[in-house]
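Next come two complexes built around chain A: one with chain B, the other with chain C.
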Partner chain A sequence: MAEELNAHDRASRRLQLTEDGQLRHFITLDGLDRAMLTDILDTADSFIEVGERSIKKVPLLRGSTVVNLFFESSTRTRSTFELAAKRLSADVLNLDINTSATSKGESLSDTLLNLEAMASDMFVVRHSQSGAPHFIAESVTPGVAIINAGDGRHAHPTQAMLDMLTIRQNKQRFEGLKVAIVGDILHSRVARSQIRALHTLGAAEVRLIAPGTLLPADVDSLGCTVEYDMKKGMADLDVVIMLRLQKERMEGALLPSEREFYRLYGLDTEKLALAKPDCIVMHPGPINRGVEIESAVADGPQSVILNQVTNGIAVRMAVMSMAMSGQVEERAARARRQEVGQ
Partner chain B sequence: MTDLPTVPALLDRLEQALGDYLQERNIHQPLMVGIRTGGVWIASELHRRLGLTEPWGELDISFYRDDFSRIGLNPRVTPSHLPFETENRDLVLVDDVIMSGRTIRAAMNELFDYGRPSSITLAALLDMGGRDLPIQPDVYGERLSLLPTQRVKLKGPDPLVIELREVNP
Partner chain C sequence: MSASLRIENARMIGEDAPVHLLVQGGIIQRISPEPITDPVERVIDATGLTLLPGFVDLCCNLREPGNGQKGNIASETRAAARGGFTTVCASPDTSPVNDSGAVTNLICDVAHADAAIRVLPVGAATRGLAGELLSDMVGLSRAGCVAFSNGTRAMANARILRRCMAYARTFDLTLMLQPINRALAADGYAHDGKVAARLGLLGVPEVAETTAVMEMLLLAEETRVRLHLGQLSCARSVEMVAYARRHGVAVTADVAMHQLMFTEEALSGFESRYHVVPPLRTEADRKALIRGVEEGVIDAIVSQHQPHDSAAKQAPLGETEPGLSTVESVFSMGLSLVAAGELSMESLLKALTEGPAGVIGVDSRLQQGAAASFSLWDLQGQWQASPETLLSRGGHVPVPDQPLTGVPHWTIAEGRIAYRLE
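Moving on to the complex of A and B:
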């Protein structure tokens, strides 16, 4: 990797990659280089083709057990992970922890030990605490792959990668692209992962458009341009990514009113007309029509929102099979070391 | 050192054998499917020589290999491309070299995920013997037997050349 990595990126790289540089966990985009992200997108392309067949299933993870460990509920993310695992022929167990053992007082470590005893090969983890998947990756038995399905305000790397796949399908490459992320950046783990992915893949400009109250305190360190006036911010855009207004995360009065927010930062036909004519419109869903996006735009010809959902399955299949492949390789390396040791 | 046959000579023989085989079975409009990478080169050659009009298909069997749990995923997997319906059609599955038979098993598993073909004919440029599975080519260019440490590889696409390599036993 050409660029210098800081200590945090080096640690992320060590946690997620095998000695040979193969993916073994997928927790954050920090520390993953352009070649790795491109590999994920290329592998996902092959899985898109699988999704178009009459039988949409490949035998890669046959005999493996994938546990969807959702400490925070999310219908869409969980169902696409479930479908992805099933299309890879894995056995899937969905655990909604809110309603399960931890509410009876079992600790996270005990829950994990029990799941490992069921011979699980992969945990897909969603948690409201930033860093939970990282903690789990460090504490599980070697051989179990951890995939982050969204943690706190930290990261949502599969969502960011499915967005990158959607951009690549529509724009072919990242060089020279001007991409805006609009709305509630402060509470958005999706935005953090998207910014990282866009920078790593070489986008020309990542522009954040939001009111000051919805930008994180460390916004200057993100390497993005910031625009408070959306009408100015729409100029020259190739891609506009709208974020959902996370009403359930709003604490205190960050916004005057939803109506005021829509007037200033909602994407309507009029504001979209200020971007390049072939600008695509993206949204991670679920969308609040009339709160951050006009229905005519969400359903319009420039919208690729439903392609994002389809791409979500392919990207998750790619990441799961690659992480499993890395674990397989590590298992073989451990066996070789044992042989040498004897 | 074994004398290696030239690819044009092998293709002549394979074309003849395949033509006869299909005629014998009354198959007039087969669909050609090559296994990446070498099989696709041979499939496109046979496609041209037999004057077929429908496009040929390309299979990448990476997702169907039986050794994923031992060696993991092929890092350079590309999408399979079958630009036709296979349901109730006669397919010709083409590979450059057949040895263990595992690639063909994986390819047939993949083909059946696209639909139920009426038949599959297996054509290989070279048959090296050494089968692990009960799978035999219906037609081939030539049978070769090499030392256990020797492997052949088709290089191409222009020109197509067979190379001999030494491997660790």
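Moving on to the complex of A and C:
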């Protein structure tokens, strides 16, 4: 099994990195090693300072065109990507594909060809299908960087990295940390990316706390511990990450009611007291107060939820600038090869 | 009209001395260890080639009528002939669905004019394959349908399934059903296992198949219908079929060759090529399916050939269409299993000839007086499957990145040359 995972990781690495090992797409954390993730966190750290200036701009992406390709709407994520691109001095085009091309029957491939013809440099992609950014990265001409802003249930790597940045700011390290992810793991691209990031960065334990209906089949293959009882699961935690619960889950008979879910898996003051005293509380947002988290906890001293939002812009600036510089170097290498060829 | 032919110096599996064949009027008039000297219109020198009975495919999508951009009877039967098949059962999920005698007649007419090999239509068990109303099975049977299937779609509920079986039993018709529980399969497109967990794919759990197998076996026992389970994918399904047979249920089964070759890992990297229905499952399932063929619990290996235009697979995995262009590669894939010591040559050949032939009651034997349907292979020869090399209009080959072993030089179907290597 280890070998199969390696084959998958090697493929993910090949897709995302240049020959020199630089980022050129940012689609999944699979295949990216600890050094690369640390590099992203360090770069993000350096951009946090930019956000604190009165003139919040650096010229790294000046002259580049970034297209926000959102096949699934999300005001919050799109805004942070837009802000990140603008702080890097890029030109930004927001396309809400839901309401334009695909509803007229145009295929994704055809939409992409049209966008490429507009000479874009980077696509920030959100799509309801797992693997859509993979497909796009494999379909577009070389030179366009693909940044995954969330695909189906697969991955949301910038969210996971901003979570990692938040953890590092608070805990200074990953080694030895016990981290729980609570709630709807089955449908969560955030959880899948967080699990991968925490494993790569060396966390001691990743614990999934959820009822059986909200866990994927073969959950053991994810390399986490699984706990159905949240009260037991809170023991010794350094970090607890709550996931958003979608209301549709009640309709699909995955859960009986919000009230029962909150009683069993909602993070309240009483349950939080079972974790380490300095355990931090995280949530990718937007939060459902009284469904997965108590207001007193969300607004309490252990909550770092608003830090996550601030970090989100810095992390997105980091991966966008890194991927663009990888693309630029690759372009130069291609040009050199062509010259040699002639 | 079929020509008279002499095949000289062909080798048969397990025999040292070469044989010679005389074909006249579509019939094998003679098989002889001695050279034949009768005058004929064409002599085929088969030195170095192995003579195999024509293969029979119980599940092949020819895409006609209605899906010309994916394939048609002419293109896909030529592809099948190149794969060594001389009889294919045409699946009913065409457009329109083969649920009326008129569509069956159309298929038979086009096949008569254009097909390279024998085409036996399979009728839709329910109208429009919707799983709700019975089709005119007797009328379809009279028009030429050899069995009835519901494609890759499930019946609406067990009551319809039970009535469908009882009706088919009344008229001694064969049902070929793919076991699938519609509610459990839901919108899934991948095995609900570790790859789906890792990549966030919508899963089809094993129980989506096994609960349907159990239900179908119990209803088949009660109604005494002749039931054929198509395209099994789970180890447990094989166990249940074996159990039912031991208890006297008239059930046969098949498996698609790609299920014997690949597992859920093939979807790593969101590889839409390997989006198939039922989904590729685990290594344990793959091994159990091979064992099922070896032990005869699974009677037939099918191609489940589903040619597609390129756009059908160019989308995010969950939005792609399922299926592969397999019919030209089935025997080569089988030979790779034989070479790997996973499957015996005897079982492979049986599952491509007498096994499926028995299910639909046709003869596949290679003997004097039988129909001249056979192929001549270079069993050591290599070829590369690719959209450019396939005769199928679809280009999604099951093994894209390495050469396959086993090259057919000639396929003769009922005395006519259906394929020859150029």
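The criterion applied here is as follows: the second predicted complex is superposed on the first by the 333 of 342 C-alpha atoms of A that agree within 3 Å, B and C clash if a C-alpha of one lies under 4 Å from a C-alpha of the other, contacts with A are read in each partner's own complex, and residues count from 1 in each chain.
Criterion: a contact is a pair of C-beta atoms (placed from the backbone, for glycine too) under 8 Å apart; a residue touches a chain by one contact, two chains touch by 3 or more.
Treat the numbers as computed from the prediction; the structure is a model and nothing was measured.
Once chain A of one complex is fitted onto chain A of the other, the partner contacts of A:A332 are limited to chain B, with no touch recorded for chain C.
With both structures placed on the common chain, the touch criterion links A:L60 to chain B but leaves chain C unconnected. Once the two complexes are overlaid on the shared chain, A:G341 sits clear of chain B and of chain C alike.
Between chain B and chain C, C touches the greater number of residues of chain A.
Within the superposed three-chain model, A:S46 lies in touch with chain B and out of touch with chain C [touch as defined at top]. In the superposition on chain A, contact is made by A:F135 with chain C only, not with chain B.
When the two complexes are overlaid on their common chain A, residue A:D218 makes contact with chain C while staying clear of chain B. On chain A, the surface touched by chain B in one complex and the surface touched by chain C in the other have no residue in common. Residues 1, 4, 7-8, 11-12, 15, 30, 107-109, 127, 129-132, 134-135, 139, 151-155, 189, 192, 216-219, 221-222 of chain A are the ones that touch chain C when the two sit in their complex.
Chain B makes touch with chain A in their complex at residues 60, 62-64, 68-73, 75, 77-81, 109-110, 112-115.
Residue ranges of chain C in contact with chain A, taken from their complex: 192-194, 196-203, 205, 265, 268-270, 272, 311, 314-319. By the touch criterion stated above, chain A contacts chain B in their complex at residues 22, 39, 42-43, 45-46, 48-50, 53-55, 57-60, 63, 321-322, 324-326, 328-329, 332.
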